[in-house]
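Structure, as structure tokens:
Chain naming follows the written order as A, B, C and D, and within any one chain the residues start at number 1.
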Amino acid sequence: MFFASDNAGPVHPKVMTALVAANEGHALPYGADDLMTAVRSHLREVFEAPEAAVYLVATGTAANSLALATLCAPFETVFCTPVAHIHEDECNAPEFFTGGAKLTLVGDGAKMSPEVLRAAIAAEESRGVHGPQRGPVSLTNVTERGTVYTPGEIAALSAVARDFGLKVHLDGARLANALVATGASPAEMTWKAGVDALSFGGTKNGLMGVEAVIFFDPAHAWEFELRRKRGAHLFSKHRYLSAQMLAYLEDGLWLENARAANAANARLAEGLQALPGVRFSHPPEANMSFAAWPRAGHRRLHEAGAQYYLWEGQLEGDDPEEALTARMVCDWSVTDEMIDRFVALVRGEAAGEENVPG
Amino acid sequence: MFFASDNAGPVHPKVMTALVAANEGHALPYGADDLMTAVRSHLREVFEAPEAAVYLVATGTAANSLALATLCAPFETVFCTPVAHIHEDECNAPEFFTGGAKLTLVGDGAKMSPEVLRAAIAAEESRGVHGPQRGPVSLTNVTERGTVYTPGEIAALSAVARDFGLKVHLDGARLANALVATGASPAEMTWKAGVDALSFGGTKNGLMGVEAVIFFDPAHAWEFELRRKRGAHLFSKHRYLSAQMLAYLEDGLWLENARAANAANARLAEGLQALPGVRFSHPPEANMSFAAWPRAGHRRLHEAGAQYYLWEGQLEGDDPEEALTARMVCDWSVTDEMIDRFVALVRGEAAGEENVPG
Amino acid sequence: MFFASDNAGPVHPKVMTALVAANEGHALPYGADDLMTAVRSHLREVFEAPEAAVYLVATGTAANSLALATLCAPFETVFCTPVAHIHEDECNAPEFFTGGAKLTLVGDGAKMSPEVLRAAIAAEESRGVHGPQRGPVSLTNVTERGTVYTPGEIAALSAVARDFGLKVHLDGARLANALVATGASPAEMTWKAGVDALSFGGTKNGLMGVEAVIFFDPAHAWEFELRRKRGAHLFSKHRYLSAQMLAYLEDGLWLENARAANAANARLAEGLQALPGVRFSHPPEANMSFAAWPRAGHRRLHEAGAQYYLWEGQLEGDDPEEALTARMVCDWSVTDEMIDRFVALVRGEAAGEENVPG
Amino acid sequence: MFFASDNAGPVHPKVMTALVAANEGHALPYGADDLMTAVRSHLREVFEAPEAAVYLVATGTAANSLALATLCAPFETVFCTPVAHIHEDECNAPEFFTGGAKLTLVGDGAKMSPEVLRAAIAAEESRGVHGPQRGPVSLTNVTERGTVYTPGEIAALSAVARDFGLKVHLDGARLANALVATGASPAEMTWKAGVDALSFGGTKNGLMGVEAVIFFDPAHAWEFELRRKRGAHLFSKHRYLSAQMLAYLEDGLWLENARAANAANARLAEGLQALPGVRFSHPPEANMSFAAWPRAGHRRLHEAGAQYYLWEGQLEGDDPEEALTARMVCDWSVTDEMIDRFVALVRGEAAGEENVPG
């Protein structure tokens, strides 16, 4: 029962097969491999963006930081939410890669509204050379709280950015899950909604460690290549990144995995919502749920070896009825059995009766 | 016939097998996987360094830059040769990761002598706060010209560094090849010879993309972890780095691969040395050769599809007798057939008679 | 009538005299001048800190940024208020000089409380290597809203920092004004209250452009010297910085100027408080006032050439009764005549009757 | 007898007078002062560059580093000589301000030739994304060895830079001395010779601490302003920088001072050249001389309190005839009396007979 993160699941077997298949003889290094040519074509097609600049890196933080560094001067500030991954979970990598830009925190949740964004940008106006200059807006979809922006919501935020002449970055570590959740096309959710640069996630959705960075305006391409190399994120044996991404795109595996993860989360959420005393903090719109239930349920899960984040509260404590909040994330590999067992433990079933591997 | 670099060969089958084997269920992310525990033990044993801090990253540039950033303040300078990978081939990554440190170029070749190093360090003395401060010495073994330092040579250079209170970093992207070439033990070539931090290569020697960074003094450990994360080089699905490194170490695969690569290079060098008109620029002591022969031979190789770097000179040119210098690197997978075919083409055999895949 | 900032007034005549007096023959450059020896002794005596490391720079931003860079690693975050000068008015200089550290905004005003600080520091705890690490706390006294911390308040905040092992920096661009306002001694307001590093202002209080940076623990001295030089803030003709600071300290000129500025502000505040329809946003505890009154009064001031910041609202507008907020800062040179004229204009006196130079 | 540097002499009396005159009432801060308007006009006129962007900073390192940071991306390399001030005497400030750019050392002396520059730039070509990219060429005139480029020489080097699409920066810390030495006009030595950005020195030539940065293409203006502020080099009481620069330009004081300094150096050089056993290392073309003479002469100077840099060799030593090299720099305030006394001491006159203040 592993719901701690979608970055801890296995690689999809088709991806492993592709890696093995790619392992023949020598290949040109540093992105000059033939597989990368196919990846580039594929991603341009998927995004209906024949001119887009497409690159691969191995971590989501690299994708975000390098994309932002390409869009943001060191004397500027990035507009993002206070729970943005770039703010909370990258150990100052955006500040490092941009050469010292600032992050301005917009709103108080995982989604920002156009009004609040407009106010935040407007507020960075009056100090001339003294304050940071306005830089790009960075959105996350699926958000860090498991909620999803529709293409219309992204477009409304991009329109605000455009009013101030600012670029838009989308952290799409879970973009596939957002597309599946909304039914939007890749193009609708990105450049048609005003996104300039995209971190297109793969690692959390069945790959071993590959993310694409896509600039819909290829003017940024060469600078990005230099920043990627300077950041030590250009792989010599690049074909193994390409092979993963290609397998991901072929036959829609990326969407299939996301559908599986979202469905797993839906089953989990439905199971939990049916229980008395379970309260959700955010609508579980993709593959992530935040919900609270009494400590006793958490204790049963803990004894049974379930893995998830205790988001608020402590497992230790006197009151078995005190509600503690959990974060649960489903990846493509989570099984119905794991989910049902998890729900049963929350409901009150004793741990240890049967042990579900996972 | 692929001799362009040892970073373009395939992953060793045992490593692929280990990756597939590691692909079961969920694993704790970010280096907390069980395989990493085994990697740590294994590397400490191999290096006879039970206290060493051991980390994995995915690129050689990351290993070097992060190790140097941990050892070198931004107002210091790193002492290295003018052909050091950190100087020539990392697009200012060391400058980036250190926050703006300088590289002071020592000597005029790929190996530095203690006398020249001493003079270079001494020369950075007289400017007090005005000049950069002395920082670590960075050596490469196997060097960028295919020559090898003995442990005694490393120790002599480290002794100079110690006289000035400086740390020593070793870029061991091809350390296995250097050990095989000299017969030295890992400990003799590193900490027993005064090395403080090591980039321990795997990617050029049969892995998909893994290098270890080893600090023999674990005081640097936590700072390194933070710098790795901030540099976007901490992998969530870390188990796949661990699995590679573990397979590399088990049963001495790393040394076996290096022996194969060095032997291939020896066969190639012997073949070429037997030919009239072939001149070597550097002694081919490990898995890399630099040699010159007439343009006509290069043309034959080119027509036959051989891949290697034309180091000096241009394939195009009127004079078929003009000597052009090649860099040839052998990885573990190079076959005798490829080598013999390559030598035959230099010797004068016509291209196209038979086509050796590779 | 100049109340826009205390950084726009003239240099005190005694300081100009000292500059002229220092202008004899040659002097050792880069801080080796004899006057600096006297400055060092004087500041150590003033702060009862015989071991303190004492340096001069020319701007407040340099003092703050270099002090913070010495205390804060690039993967850490500085705790400060959302209106801190280091956050709002230094164009990312702290991020630049620290190499990319973050600023965590504490509370919602210019003063932070121990409880809110403790909560903010505690909140940066749970992410291990993923989030920024906790770095120094930076306070400002006089605050950016003209309020003043007592030594006890500083000590209470420092105690929170100490509980987490964090250092404390004090932005004392207006420290003299805070000391005069509270009656505290320099030592009581700084190291006795737990301050580790101090930006000791001079420029806003009668100097041409000099701030001291004082580390009460001299272990930071050499690193600071290197960072200062690397930041291009080491002056060759340093004696002219020393001469200013020495004149500032001699005969208590620094406190005398601060007393004059605080008294001017008190007179201004009393004058305004006596008027109906004037509301203060913050208690005017030192040399700065924030107050609102009807647009009509601002128009009269504007016509009369008064200079101050319109902090909230627009001079243009239909409603003469709408309240607009002003920021007014008094430096040592502001005269009673200017103040009284300013108050009279707010009260309703017509502009243009007499013109007060300033 | 002070010949250690031209950064240790007094401020010219006319400049002090201008500072005192500027010290009336309040002035707009941060470069919005009226005097700066006059400085801008004056410099544009002097340089025959009506569109130039003109800024003031307080140190030469700030001028150089900020100008280079505006011209040079962090993944590029600056071409300069191995004795360039930016390489040897700025404690990695260019690396810091550019965000980690590299400096590529061209040639082996203080002046570079077009051929050697071309070869150096060409050599940075073959590594694509792996090596640093080519960035600006930075020249120094007067050079760090007291020699002078003619406008024709600057133009020839700029032409090489232009062939590769590179910008040219001129470190003119002693530009006035170079103009006086060559008779060239400011425009001839700079933009007419292909210079894009100029550090225009004042501090070494009679000012207290002011350098101008001039971009002949004003497209760089706003970025420079932001970098200056972010570097903590924007002065609030900017009028005192303006006042210095204005006094420097008025009535040609800057050229008058340079003429005095060059004449002093000529007198010194002639005096020394007339002595047997004195050998010059470089032609003393401006206000700086490098020459060697026997240790005994240095000892006499030392006893008499003469200040200058012992460039090569040690004062202590057994052999009174061993030649030691001195660096001597004349500023505008050096007197004939000091010079003649210095020469007399080298010649053999006993120290202590009379003591010349200085």
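One rule holds in what follows: contacts are C-beta pairs under 8 Å (C-beta built on N, C-alpha and C of every residue); 3 or more make two chains touch, one makes a residue touch a chain.
Computed from a predicted structure; not experimentally measured.
Relative to chain D, the most remote chain by averaged C-alpha coordinates is A. A count of contacting C-beta pairs for B-C and for B-D identifies B-D as the more extensively joined pair. In whole angstrom, the spacing between the mean C-alpha positions of chain B and chain D is 42.
Between the CA-based centres of chain A and chain B the separation comes to 34 Å, rounded to the whole angstrom.
Note on chain placement: the centre of chain B and the centre of chain C lie 52 Å apart, centres being C-alpha means.
Residues of chain C found to touch two or more other chains are 74-75, 90-92, 96, 99-100, 129-130, 133, 226, 229-230, 234. Within the complex formed with chain B, the residues of chain C that make contact are 30, 73-75, 99-100, 129-130, 133, 223, 225-227, 229-230, 234.
Across the complex, chain D is touched by residues 2, 4-5, 7-11, 13, 16, 19-20, 23-29, 57-62, 65-66, 90-93, 96-97, 203-204, 208-209, 226, 229-237, 240, 307, 333, 357-358 of chain C. Contacts from chain C toward chain A in the complex involve residues 74-77, 88-92, 95-96, 98-103, 105, 127, 129-133.
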